[in-house]
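For reference, the structure is listed below as structure tokens.
For reference, chains read A, B and C in written order, and residue numbers begin at 1 within each chain.
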Amino acid sequence: MKINSSEIKWHLLFIILVLLLIYPLLFSLSTSFKTMSEAFQSSSLIPADPTFSAYDRVFTTINFVQILSNTFIIAALVTIFKLVTSVFAAYAFVFFHFKGKTALYFLLISTIFIPFTVTMIPNYITLSKVGFVDSIYGVALPQLADATGIFLLRQYMKGIPMSLMEVAELERASHLTRLRTIVVPLIRPAILSIGIIFFINSWNEYVWPAIMIKSEVNYTLSLALQMFVSSEGGTDVPVAMAVATLTMLLPLGLYAVCQKFIIGTFAQSGIKG
Amino acid sequence: MYSIEFKNVIKRFGKNEVIKGLNLSIRKGERLILLGSSGCGKSTILRMISGLETISSGELYLNGKLANDMDPGDRGIGMVFQNYALFPHMTVEKNIAYGLRIHRIPEKEIADRVKKAVTILNLDGLEQRLPRELSGGQRQRVALARALVKQADFFLLDEPLSNLDAQLRGKARKELVRIHEMYGQTMIYVTHDQIEAMTVGQRIAVINDGRIQMLDTPHEVYRRPANLFVAKFIGSPSMNVFDGQTAAGTMRLNDTALPLTPGWAEKVGTAGAEKLLAGVRPEDITLTAEPEEGAVPVTVQYHEDYGSRVGYYFTINGEEVISIMRDDVLQGCRQAYWKPNPGALHFFDAATERNIGYPEEAAE
Amino acid sequence: MKSADDQSAYRRRERRLAFLFVLPSLAVFILFMFYPLLYTLYLSFFKWNMVSPKMKFVALDNYVNLLTDPVTVTIAENTLLYIVILVLFNFLLPYVLAFVNTFLMKKGKYIYKTLLFSSSLIALVVGAILFQWIFNPVSGPVGAIADAVGVALPAWSKTPGLVILVISLVAVYKAFGYNFLILLSGMNSVPEELIEAAKLEKAPNSNIFTKIVVPLTSSTAVYILIMTIVQGLQYVFTPIKVLTQGGPNDASSNIIYQGYDYAFTFYETGMSAALAIITMLIFLVLLYLEFRFVEKGVYYEN
């Protein structure tokens, strides 16, 4: 590939940026294969004596499988429920006419601007009343009140030509039929990537687990990671990096596989309309 | 009993009244064209028939039944949209059979009906293709097939040919007429293209500003325009209209007094209009280089050669007028003599813009 | 006046169905967003420790206490510093880079958004832990580099100011790629011909950016600017909570963490609620400003 000489400086700038952003990932990966003493002595990216011992210790110090499955179950519940409710709500905002539609839509969307400190105490109280403190449901439920899915799906649904829906209306297709035979098939890629984004976000969620979960058996990956942190130092760095690496694996893996969809959907999320 | 009947129908979008008291009766099995420029309300009328648009006031009858509140799905509508509205994720066969499957028609019958439509519309072999793999003409025919297999009472078309290129459009017009004659449904066809309207329609409703300006056969719409709007809207280039000062059996054109026939003289005299406008179609005239009796001397300002015909521009009573001849009769000569063909005159009341009518002798 | 349109049975059925479609979302939002909002507003007028059956009505005392507490001054200063750093790294830098990438680069430029975006998918806790070790003055690479150039890296978590910078970098790591991506797609609303014409006039790049690109991309830019503040202040919550708990001496706390601290460390729900309401009001003012700007922006971008 030939590159204009005046552009080279810009490419250099971007390459440096990419290296800066990728470096922490490599740092984490490499440190996770180091011995504890090497981790403290050398910051080289290539472990002198690669070892899996940190990963062994992950499984002995914490109940990794339990934590992984907690995180997965929460993320799966949140993703499925949020996708279904968002698809229905977005459909109503695009294909139905009712009074106050725009006002309701903007009311829901403006919740993106509400800081979690506003909802945390009442949600904690509500969930404690139904016994969901220290439970994965207590972590999952508050995450459902998220309008980004409605916003994104509405954008995509607005892209469907109205005449397609009218063809169905003239055939007396019910709205559920229209949703199933036209809308969902047409925006399937968007639904999938929004689902992936929901999943990753919930997988990474820290605030609600930190508020709701007390006992280690209900920990999510985010909370487990916290066990390896102390401001005084002297902790087991390789294990912390091993858990960090394991936590990143799924989001980055998903991204590697469907990078185009994810990028495209995120790019949509900043566009107004 | 009419197939479709509008009685004093009004349609408002917010405060904006787009259909202003529509009365329209459509016969069973006829091909009716709704013709008008964009924004005139023609598509709204079509969409009110389909139920995709509600009626603000007035009554709509379908097959004699009040249909104001009828579900769109219960009206028996087969519709072709301007953009064809084919489902991009479904094959041709699935597109055509979409409605039939929703209505749970037995698969055997679906197959028969689809087969018939596919054959009639020359879509054989394309059944398993996706819309994006089809040409524009093929897509348009799939849209037609989907509206036809329903065997609905009403066949509505919203600018169905406007996305086709000119050559295909001519072919598609003939095909539409042929198909209509096979299926025989009541066909309502919206277009802004007067050639389509003239060739496809059995009757044309010319619409402007939310009102029907004229409803008649293509021939009458062209020959006997009900008002100034229809006169100028139909025909290309449009009818020349200028001040029609008449006195004592003559009409003053520039400095010449053109004698009127006795029939016209009487008609004009009894029209009761304060001021008249006269109209002559560009091609309903003779233009000569030599003086002729009863001809108006004019100075040609500009001429255009269209290949098959030639257009000349000059001024009559202060209005720019175009006249069209088959050959370049003037051969560069600027001085010419212009005479409207007898029986090709139209007079309109300048105040109401209504046609004042025609004398007996002008009747065909 | 009720028009005939609204009375048809068909339309009525449609409206009922529309309500059913919105209902699940609405229920969730009412339960976990709108009701809590009102409840928090209510709590902000009471003194309560979350467990006691007794709640004491104190009217505006919580707000008055907040506004007169010297800690609040520290928190406000910290919050402003967070905002300055976040706006610099998560808004201005990606904005300029999006311009460079779109209009000053031609070949091989598309790979960068994909690569830069990858860090946006990483959990904030992971980011916090990575940065903790990368900036570890004894064993981390940044400390090693500082050593090499003869500077001793102070213990950042104990150093006011520096602690905010390092914690902000975690949020930068999270949001930079995302903001770059959005600002990049915002650049699409600038017609290429305008830039070409300016280049033919030999206009300097800085001029093209400020005179052509900024006016034409203002609505996307304002959106990202505001999200940088609203989300950024919440993003840094995680590293604060995980790494410093607001310390040393509140030197890394901000308006969000302080609200959490009041509630779940000191069990002062009234103070927490009052601070949360104030935070929300500030965010809503930003939202209002965005609407005003975006409306103007629509004029430009269409």
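Note that a residue touches a chain if its C-beta (ideal position, glycine included) is under 8 Å from a C-beta of that chain, and two chains touch if they have at least 3 such contacts.
What you are looking at is a predicted structure, and each value in this text was computed from that prediction instead of being measured.
Trainee: What's the fewest number of moves from chain A to chain C, given that each move must go to a chain touching the current one?
Mentor: Minimum step count, chain A to chain C: 1.
Trainee: With chain centres defined as mean CA positions, report which chain is farthest from chain C.
Mentor: B
Trainee: Return the chain pair with more inter-chain C-beta contacts, choosing between A-B and B-C.
Mentor: Result of the comparison of A-B and B-C: A-B.
Trainee: Quick check: how many Å separate the C-alpha centres of chain A and chain C?
Mentor: Roughly 16 Å, centre to centre.
Trainee: What is the distance, in whole Å, between the centres of chain A and chain B, each centre taken as the mean of its C-alpha atoms?
Mentor: 57
Trainee: Just the number, please: Cα centre separation of chain B and chain C in whole Å.
Mentor: About 58 Å, centre to centre.
Trainee: Pull out every residue in chain C that's touching 2 or more other chains.
Mentor: Answer for chain C, listing residues that touch two or more other chains: 11.
Trainee: In chain A, which residues are in touch with two or more of the other chains?
Mentor: Not one residue of chain A touches more than one other chain, so the list is empty.
Trainee: By the touch rule stated above, which residues of chain B touch at least two different other chains?
Mentor: 51, 71-72
Trainee: Write out the stretch or stretches of chain C touching chain B in their complex.
Mentor: So the residues of chain C touching chain B come out as 3-5, 7-11.
Trainee: Using the touch definition up top, name the residues of chain B that touch chain C in the complex.
Mentor: Touching chain C from chain B are residues 12, 51, 54-57, 68-72.
Trainee: Quick check: in the complex, which residue numbers of chain A touch chain B?
Mentor: Where chain A meets chain B, its residues are 161, 163-164, 166-173, 177, 181-182, 185-186.
Trainee: Mind pulling up the chain A residues that touch chain C in the complex?
Mentor: Of all residues in chain A, those touching chain C are 1-4, 7, 10-11, 13-14, 17-18, 21-25, 27-28, 31, 39-41, 43, 84-86, 88-89, 91-93, 96-98, 101, 104, 108, 110-111, 113-126, 141-142, 144-145, 147, 150, 175, 200, 203-204, 206-207, 210-211, 221-222, 225-226, 228-229, 231, 233, 237, 240-241, 244, 247-248, 251-252, 254-255, 259, 262-263, 266-267, 269-272.
Trainee: Would you pull the chain C residues touching chain A in the complex into a rising list?
Mentor: Per the touch definition, chain C meets chain A at residues 11, 14-15, 17-19, 21-22, 24-26, 28-29, 31-33, 35-37, 39-40, 43, 50, 97, 100-101, 104-109, 112-134, 136, 138-141, 144, 157, 173, 176-178, 181-186, 219-220, 223-224, 230, 233-234, 237-238, 241-244, 247, 256, 259-260, 263-264, 269, 272-273, 275-277, 279-280, 283-284, 286-287, 294, 298.
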